[in-house]
Each structure stands twice: as structure tokens, then as C-alpha cells.
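Look at the two complexes coming up: chain A is in both, with chain B in one and chain C in the other.
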Partner chain A sequence: MSASLAPECNEVKERYDNCFLKWYSEKYLRGTATTDDCQGLFKQYETCLSKVLKEKGIDNMLKEAREDNRENDAEHLRPVRSLGVFAQDIHSLVQKR
Partner chain B sequence: MVKFYSSTDTLSYPFPAVTLAYFLRYPNPYSTHVVSTDTISRHYDPETQQLTTVRLHLKRSKLPSAVLRLVPRSLLGASASGDTQSYILEKSVVDIRNGRMDTESRNLEWTGVLSVVERQSFIRPFPEAEKDAQMWKGMENAARRHGFLAFGPDAKVQDTGESTDVHSSVTLHSHIGEKWRKKRAPEDGGEGEEEPPQKVGFFNRWGTASLQRSIEMIGLKRARRSQPNAKEGMKVVLERMREGGLVAVLEGMRKDREAILHGGHHHHAFKNSRSPNDDDD
Partner chain C sequence: MKIFQQSTEFDYSWEEVSTSNWVKYGPWNEKTPHVIAVDTLSRTVDPATGILRTERLITCRQSTPKWINSILGGQDTSLVYETSYVDPKAKTVTLCSMNMTWSDLLNVRETCVYRPSSSAPHAKTTFQQRAEITALCGGWQKIKNSIEQFTVERFQQNAARGREGFEMVLQRAREVFAEQRDIIQLQQKSKILQEARL
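Coming up: the complex of A and B.
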């Protein structure tokens, strides 16, 4: 299985991935799935991962990426007057404003 | 300015296997640059039988030397040799009822410098019954034209439903220098194409538009180069699946992951292929 971004989440990720693969291949692909059987394990995995996403500032990146109108957002960023500030501006896309 | 690249392909594997291989495509011998893959959200809608997944990949990459010449390293957060890491957000929707999977991957960082959106659709060809009916009609007509009717109702077309159509596209868009220009334009009373040198730094040597074009071209080149590797990676996973099912896929992944951890490039596949990000211009 693929590795997690957070090594401490590898174990719970593997348990979730295994559950998902079983559900996906045995139920979903056969059109017999009525619910997502792995939600419980996903919650555990999510709890572990979300800490790391927050620490690395990725949660903010994700929030921004999910707003479809990124370009519009960019319009509202503060004015950029020099290369130095431009660099900061790019960083503000990555880190929290 | 937007650069666009697209291609169409057929995989000789059934649609369900292809969708599974998509989820299991990392690690594979062609993806040693993919450090991690995490599922960050997943939703199953029992009504429509659609499965929506959002995943986050971390990829190691080497910035093309051409980009390093254009944009200062400090701005890109890259090391002196151009090594960098990038987060890729991937969204996919599987629609098993209609035999369709749509995927979209985009870079999360540096979208101002270059945003790369890669889309793939995997489509199950015509439902079997419809296809058979069409085939039959076609054959009947052909047979009539040629003066014989050799096909009985038992004549079976091989591979029907055993293939999957793939449509891929990459859209590249650089916004570098744009925000500055937009802000300045009204004050300058013009398009702002001619920026005062003391304020623009390296941008003025190029002009925003040509800088964007250059970056998009470099991105396009790289996207073209990485396509075959991405395709081969999927095929490796699909072959494993055909030969030994899910067990073989997982065993293969375990080995690939070990190889990546040990920095090994021992797989024979590397002899003839370059890492997708290992480009000089």
C-alpha cells in the first residue's frame, strides 16, 4: 500500500485502505453497495491525518484549493509592489493569510 | 494564456479493473518520485452509486533547469540543485452505473507560477447488449454486401467490454506577474505591459506575457514527457491484477515501496525510462 504523509498514520491508513479495497472490489464494483462499510476506520485515519495537515499548513491550502474560484481570490490579495512582496504573496497562497 | 494538451487511448482491461488500478497506481516502478498518498475525503452516494474521492499526493521533483533560469530559486522554495516537493490534490468520481470515472489532479502550491490541471476520464465502451446489436447489424449488412451470410447468432466478438477508453488532458496556466500588473494598470492608465524597471525586478527582462509563455511551454514539455510513464505505471498495476488479482497488486506495491525507501532504482523498467521529473531542458 502507498505510504502516508504522516508515518504515525501508516497503521490506521493501512487498515482503512484494506477495508476500502475489500468493499470497493466486492461490493461497489458489483453494484451491491448500500452503505460505505469503512466509515468508522476512515474517521480514525482522518483524526490521525488531520493533525499533521494542520501542523504543515496543508489544511489551509486545501481550503483554498477547494474554492473553485482561485483566480478571483487572487484578485483580492493585497497589492504587490516589488519582487520581495511578490514572493510573500505567493507564500500567502500556501500559508494562512 | 493557456497551454492545452490532450490524448485518447484504449486500455485492454475492463472498466472495473481500471478504476481499481487508478486507486492503486502508487507506488509502481515508474512512480519512485511519489512519496506518499493519503485519502482525505470519500463519499459514497447510494442513490446514484457514485463514489467521490479526494486524495493528496506528495511528489518529489526536480525543477527544470529552464525554470530555475527564469525564476529565482528563493521564490520557488527549491534547493540549490532544484530539488523540491509538491503536493498534488486529486479528485475522482466513479460512476459504476454509467461506467465512467472522471479524475482531476492539480498542484496545490505555486499555482501563481504555474498551475497544472491534469484530467482523465475512463469510460466503459457501449453497453454490451447495445454494442452486440450494433455489431450484428453491421456484420449483417457487410455480409449481405459481400453476398454471404456467414455469421450465426453464436458468433461472438472477442474483447467486447474488455477494454476501457481513456481521455487525458493537461491544462497549464501561468499567472506569474499578473497580480502586480492588474493592480498597476489603472494607475498607469494603460495595459501595464511596460513596467518600470526598478519595481519589476527580473520580470521586466522578459515581460510578463513572454515569461508566462515560457513557463507554460516548459510545463507542457514536462507534462508530455511524463505521460508515457504514467501510462506504463497503470499498465504494470493492471498486469499484476490480471496475473494474480488484488493479492499480486498489493505484493507488488509492497516491493515497490521498499525499493523507494531504499532509494533503489534496481527495477529493470528504469533502463529505458526517465523519471518524469528528471528533465533538463
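Coming up: the complex of A and C.
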């Protein structure tokens, strides 16, 4: 696992990263995730990290980056139409004609 | 503005690649020592689409030559803001990143996509990378061009190294998963180990 930019958060970050990786590979990718198993650990990590981001003034830089990123959210946060669905659409169009 | 584009293929399934993507800059990767830290800022699953959205902050050691450093202002680390979107149904991982350091002077926007390869969707994964580089600093066009050109060349140099490094991570991850599977199998077969677990 990679380190945190705040050394004091390394320990809780590692526990969170391990938890996430397990959840991602064993539940999320298999479509069986119903809850976020790592929420408690993330909250602890976030509390630690946000303090340091504020101290270093990075939180303000992040605000700007988030503004700039809106178009990416708009583009990628909607479901990508898979080629399979697309092929079905074409098929039904052809049939209609 | 200058554009850098490339695509390549990994001999690993999309599931393996998308999992290892989260540990891409960890200790298994010996080719990216300039990445000092990777922090997760937020993570949510969109209830309507099932898309996993993650915000990360990537801290890198600055490795620009002195002439650029003196134009843009010297700093020893640079920060990159990345948002990623995993669509488990369409099987895509899309990573969008931008520079936070020097953002008034240089705008680098990169989009990378991992998706199952059309030639072997269950065994191979395609990686597509595209970066747009725009120098914003006022003044001579010549300086802007040089900065853009240098950044594009850096992308080219890093592309091969990035592939090699990720390949190391993928290989190591496969070994570790196989070891874990063996241990679980052993536990299930061995009476002594089963009792020891109780």
C-alpha cells in the first residue's frame, strides 16, 4: 500500500486500504456488495487526513480542482451503454424496418 | 495545446487489472519511486448506476529540470487530483486526473480507461491513455511551446516505465492471490488446521 502524505495517518490509512481492497475484490466486483464495510475506518482516516490538508492549505486547492472536475462527473457518472445493449438496439431497429 | 495518446494491452483479466489499479503505486511497483503518497479523499457508490466514484490526491516528488522550475516557481512536491469511475456492469475503469500544482501556469488533463480487450475479453485488458497539455503562462509563445513539449516528452518516457511498473504489480498480485487460495484450500482439507482455527 502507498503511504499517506500525512505520516501520522499511515496506520489508519493502511487498515482502511486493506479493508477496501478486500471489499472491492470479494464483494463489489462480484455484485454482492450491499453495504460499505469500511465506512468506520474511512471516517477515522478522513478525520486524520482532513486536519493535515487544512494545515497545509491543500483543502482550498482541492475546492478549485473539484470545480474543474464537474464535467468529468457529468460524463462518467452515468451508465456506459455496453456494446451488447447497443447491438440489441440495432437489432430491434433493423427488425422494425 | 499538445496531446499525448497511447494504448497498450495487459495479459490479465479486467477484474485483476481493476483490483491492482488500487495498489499501482505501492511497494510492489519499483518503477514509480516519484510517487510519494496516495490518499483517498472520498469514495461513494452511485445508487442508481452502481458506479464506484473515488477521489484521490497523489503526491509526487518534483523531477522537472531547473529551467522549468525557475520559470514556474520551485517546489519539491507536486499534487495531482484524480477522480475515478468504476462501472462494474460495463467493465470499465476511467481515471481522470489534473495537476493541482502550477495550475495557473500549466494545465495537464489526463484520462485513462481500462476495459476488457476485444480480442480476449476474459484474459486481456486494454489500457488507453490521453493527455492534453496547455501552458497558460503569459509571455513568449516560445517558452509556452517548450514547456508543453517537455511535458509531452515526459509523458512518453513515463509511458513505458508505467507499463513495466504496473506489470510488476499485476504479477505479484496474481502470486499473492494464488498463495491465499492455497492456504484456504489447505485449511479446508486439513483436520488439524480446521481444529486449530476453532
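Couple of notes before you dig in:
In this section, the second predicted complex is superposed on the first by the 68 of 97 C-alpha atoms of A that agree within 3 Å, B and C clash if a C-alpha of one lies under 4 Å from a C-alpha of the other, contacts with A are read in each partner's own complex, and residues count from 1 in each chain.
Throughout what follows, contacts are C-beta pairs under 8 Å (C-beta built on N, C-alpha and C of every residue); 3 or more make two chains touch, one makes a residue touch a chain.
Predicted model, so just to flag it, every value in this text is computed and none were measured.
Looking at the shared chain after the overlay, A:Thr34 reaches chain B, while chain C stays out of its contact range. Of the two partner chains placed by superposition, chain B and chain C are both touched by A:Lys13.
In the superposition on chain A, the residues of chain A touched by chain B in one structure and by chain C in the other are 1-6, 9, 13, 16-17, 20-21, 24-25, 28-29, 31, 33, 36, 42, 45, 49, 53, 58, 61-62, 65, 77, 79-82. Within the complex, the chain A residues that touch chain B are 1-6, 9, 13, 16-17, 20-21, 24-25, 28-29, 31, 33-36, 42, 45-46, 49, 53, 58, 61-62, 65, 70-71, 74-75, 77, 79-83, 86-87, 89-90, 93-94.
Those residues of chain C lying in contact with chain A across their complex are 15, 18-19, 22-23, 25-27, 35-41, 43, 45-46, 49, 51-53, 55, 57, 59, 79, 81, 83, 85-90, 92, 94, 96, 98, 100, 103.
Across the complex, chain B meets chain A through its residues 16, 19-20, 23-24, 26-27, 34-40, 42-44, 46, 49, 51, 56, 58, 74-75, 87, 89, 94, 96-97, 106, 108-113, 115, 175, 177-180, 182-183, 199-203, 246, 250, 253-254, 257. Here chain A touches chain C in the complex through residues 1-6, 9, 13, 16-17, 20-21, 24-25, 28-29, 31, 33, 36, 42, 45, 49, 53, 58, 61-62, 64-66, 68-69, 72-73, 76-82, going by the rule given at the top.
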